[in-house]
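Going by the order they are written in, the chains are A, B, C and D; count residues from 1 in each one.
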Amino acid sequence: MALHTEPFILNIGPVHPSTHGVFRIRATLDGEVIVDIEPVFGYLHRGVEKLAEQRTYTGIIPLTDRMDYITSMSNNLAYVLAVEKLAKVKVPERAEYIRVIMAEMQRICNHLVAAGAFINDCGAFFTPFLYMFREREKLMDLFEMVSGQRLTYNYMRVGGVSQDLPAEFLPALRKFLKEMPAHIAEYERLINDNEIFLARSRMIGILPKELAINCGISGPVARASGVKWDLRKADPYGIYDRFEFDIPTGTVGDANDRYTVRIAEMKQSLRIIEQAVEKIPAGPVISDVPKVLHPPVGEAYGHLEGPKGELGFYLVSDGGIAPYRFHVRPPSLINLTALRQMLIGWKIQDAITIFGSIDITMGEVDR
Amino acid sequence: MTVALAGKDIGPQIEKALPGSVLESAPGYVMLKPEFLVQAATFLKNDPAMAFDYLNFVTAVDYYDYFEAVYQVTSMTHNHTLMFKTRCYNRVDPVIPSIINVWQGADFQEREVYDLLGVYFEGHPNMKRIFLWEGFEGHPLRKDYL
Amino acid sequence: MTELFANPWFHWAFYTVLLISFALGAVMGLIYIERRGMGRMQSRLGPNRTGPFGLLQAVADAVKVLLKEDIVPANADKVVHWLAPIVAFVPVLLIFAVVPFMNGAMLADLNIGILYVFAIGSISSVGIFMAGWSSSNKYSLLGAMRDVASIVSYEIPLVLAIIGVVILAGSLSTNEIVKAQANIPFILLQPLGFIIFFAAACAEINRSPFDLLEADSELVAGFHTEYSGMKFAMFYLVEYAEALAMCAIISTIFLGGWQGPVLPPWLWFLVKTFGMFYVMVWTRTTFPRVRIDQLMALAWKFMLPLALINIVVTAIEVVIWPTPAGLPWVLIIVNFAVAGILIVTWSRLMKYGWGRVETTLR
Amino acid sequence: MKLHFGNGLLKGMLVTIKQNLRHPTVTQYPEQRLNTSRRIRGQELVWNKTRCTGCATCAKACHQGAIQIVTATNTENNKYEVETYRVDTGYCIQCGICVEACPYDALFMGARYEKAKYRRAELVENKEQMADSLDRPVSGYFHPERAEKLPVQTLLVEKINEDRSKE
């Protein structure tokens, strides 16, 4: 006699240790196996797009800080790129270099959080997480030195950056660059060969290449599936065409590939920063831009390769001081498109692992 | 460098494949008729010279007398990009066909547009509010919402 | 004094008080070791504010938790919810009855001591299942189900791993086993048995990497999600008392218990127990958590056959070298070689990336 | 797929146990304080009465609407002066845009950060509370000449290296 069983609905979230914020997965379970999921968003919706329609172009920059609060600097940069495209503003050379340094530091910062949180989701009790946060702390010190705050930097400005680097910044950054490879090696020793970690992450949550492209997935998640697409190479914004770096890609697109791609990207970011630090010229850091900007009527889509994927801003200007329409292309939200396909058939524990390997920030998903 | 294809060049090609589908071929974008949206999108995705396999974003803009849906697509093989748009003049009950069957990436974004602007995407299997709760009145990103 | 101990009632009363105070006191020590040791390994300090070196942190936590409101969920099965922590706690305390602190210094020198340990020890999972079931919380239920599954599976390799020791010692009494280790601790003669026992014990008492039932990253807190105040403290106590009991058993049967030079026997016993616990803390700090089906697979496909092979090998060795005199180097080398070869070859049979189930909504 | 069971586990365990020999990263906060950035954007604004002309550029620049400024002519000496200058630090997000906007260098970010209050109303700061004074250190945000006078920021990169060389 077959035992009578019933599907079981489990709400993972919105307040749950592993949902990276206030995300909710309404999972239908058959025992421990996930039969169906429905992602539920909106617990952190603050209406950024509506708020931005009433603010000046400069006043929006702090809002972008608060979207993906782990990668504020990249958000600032993406928005500023869009406005510069809209208003056709030139950026001084030194500011371009500063932007590259900041964006790559932010990428390392984000990948440290992402990798640490991912291993935590695999069940490690905070050790890799804390090791990675130690290095993130060093980076945040540098960000604090430059911008005055540790998380919401508000540093980029239309036409450059708000202030020049302090004198003690570059020596400190060089010191960091010197010691960081040893730390990355330490993380790799700690967890990369760990059999339990491999068993939990390898061949788990496979995202096929075609599905990744079709779902508009970008960033490390897409690259882990073998999509060799990096806007820094494909559509070099700023001065990225002057730097030499590789695009690490994965082979199968499993959770472990997403993790290793992030670790490899950190090394590439270090390479870029090293080159930028070598070549950074002196000069002004902001071009002559009016404090209250009136871009011409039109529209612009500025995007960059953010740490989580393609982060874009679509701006429509009606010639006023505030954008007529401000739309964000949030990589965190769009990378979740394939979540359902990735999760079905796996166990709850795998669901947490796979979800962690996508690396989202709820501030950006819900905006 | 990604080449931003001019709508002026692409518009006639779409018009050739699907007669009567293009309303306007501006330098920056192609304006499509809503009825032909899904067919045009399929053409753009499957035509080997276009091969727009990657959907950057979907959004909509409220221009008071009409809603304009904006799509940006990129081809990863040819490394070029195109923006196409479509318009819906109904303000009470705006409907635009969904392109989720062409690019799955439109899933959450179309829901977001529906939630915040009230443009219903026909053919989307799960067209309901995404950020705001069920029963929320109005669509906040409309210009007349206060 | 000796006559006094000869009186069974006095013996019983003395050891009961001693064991309860030892269990409660040592749990404080374990919590301190866990938090400080883990803190240092994670490049931080751990609690260091309450009392000298933070020694009183566990006391402060206990007081805080006892003062908290006791919340019972509205849909909970109240009686079972209330009984669960007690059912979980009592068997753990009973294990200490057969732990020899010194030669013969134990509550009851049962001639089936080892068997008693495992018979009693697994009862606490009933309490855990009661907790999970009665909470009427889905996470609790999942955690409790996982606990039952893991206990049922891991009892077998746990007991089988010990049989090698029992063959060598020729007795089931814990005190006799310790006495048999006068020359050489059994960890050297039974390396494979030790590894299997240690891993299975970690699974049995739900310590990392097998802490699936309270897996904080997926099940919030597992079976005790809905517990608060005093009852939560009980579960916390159970967790560490179980760890203490297992460490005591491991040091008794594998590390030579109270045997050791220079230091007094009871101190040797404590050092070994706490040292064993530090190893558990160390593994918890380093390892991620296995998945539930991997946990089962590890028990049935890896540990069970290896434990059986270990018994066969030990039996053959006992027949060939009946009473090894002095340090049996040949035996040690053979045993370590067998353990290494078996683990490496057997692990090649396992592979990554399985576990996806094709499902349809029924 | 090759698998030597235990190899990676042991490597990881070696890394964690080695941490015992290294200096912990943490700082014991209330007793042990690190120097903050010279450009720190603390939880307050510092306002210089003499330099302020009451032009309200800061209030316009503030996208949070946290700054309230009322100017009036003093009839006695026929001077234009600031009657009210009020900042609701509860609304303020410390973005520093007002400081950048001020054309007369009259507004600065404060360097203090432990400013929790029990009531929301206490978060509103008026002219007197915001005035430039000695117990209200001014941060060097957007004012490099002020930044030079402040102590150098303690950097974790340097701190940990120092500690390691001592061992």
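Quick note on the criterion: a residue touches a chain if its C-beta (ideal position, glycine included) is under 8 Å from a C-beta of that chain, and two chains touch if they have at least 3 such contacts.
Keep in mind that what you see is a predicted model, and the values were worked out from it rather than measured.
A.B. asks: Show me the overlap between the contact partners of subunit B and those of subunit C.
C.D. replies: A chain counts here if it touches both subunit B and subunit C, which gives A.
A.B. asks: If I rank A-D and A-B by number of C-beta contact pairs, which comes first?
C.D. replies: The greater number of contacts lies at A-D.
A.B. asks: Quick one: report the Å distance separating subunit A from subunit B, using the average Cα coordinate of each chain.
C.D. replies: Chain centres of subunit A and subunit B, defined by C-alpha means, are spaced 25 Å apart.
A.B. asks: Roughly how far is subunit B from subunit D, centre to centre by C-alpha average, rounded to an integer in Å?
C.D. replies: Each chain reduced to its C-alpha mean, subunit B and subunit D end up 44 Å apart.
A.B. asks: For subunit C versus subunit D, what separation do you get between their C-alpha means, in angstrom?
C.D. replies: A distance of 50 Å separates the two centres.
A.B. asks: At least two other chains touched by the same residue of subunit B: list those residues.
C.D. replies: As it turns out, subunit B has no residue touching two or more other chains.
A.B. asks: Can you list the residues of subunit C that touch 2 or more other chains?
C.D. replies: 41-44, 285-287, 347, 350, 352
A.B. asks: For subunit D, which residues are shared contacts with two or more other chains?
C.D. replies: If we look for residues of subunit D contacting two or more partner chains, we find 1, 3, 5-6, 9, 12, 15-16, 25.
A.B. asks: Strictly by the criterion at the top, what is the full list of touching chain pairs?
C.D. replies: A-B, A-C, A-D, C-D
A.B. asks: Enumerate the contact residues on subunit A facing subunit C in the complex.
C.D. replies: 5, 7-8, 10, 12, 16-18, 28, 30, 32-36, 119-127, 130-131, 134, 190-191, 194-200, 202-204, 254, 344-352
A.B. asks: Considering only the defined contacts, which subunit D positions touch subunit A in the complex?
C.D. replies: Checking each residue of subunit D against subunit A gives 1, 3, 5-9, 11-12, 14-16, 25, 36-41, 61, 63, 93-97, 100-101, 109, 139, 141-142, 144, 147, 152-153, 155-158, 161.
A.B. asks: Help me check something: in the complex, which residues belonging to subunit C touch subunit D?
C.D. replies: For this pair, the touching residues of subunit C are 39-45, 48, 282-283, 285-287, 343-344, 346-348, 350-352.
A.B. asks: Along subunit C, where are the residues that touch subunit A in the complex?
C.D. replies: Of all residues in subunit C, those touching subunit A are 38, 41-44, 138-139, 142, 208-209, 211-212, 215-220, 284-294, 347, 350, 352-362.
A.B. asks: Touching subunit A in the complex: which residues of subunit B?
C.D. replies: That would be residues 1-2, 28, 53-57, 59, 61-62, 70, 72, 76, 79, 83, 103-109, 112, 116, 129-133, 140-141 of subunit B.
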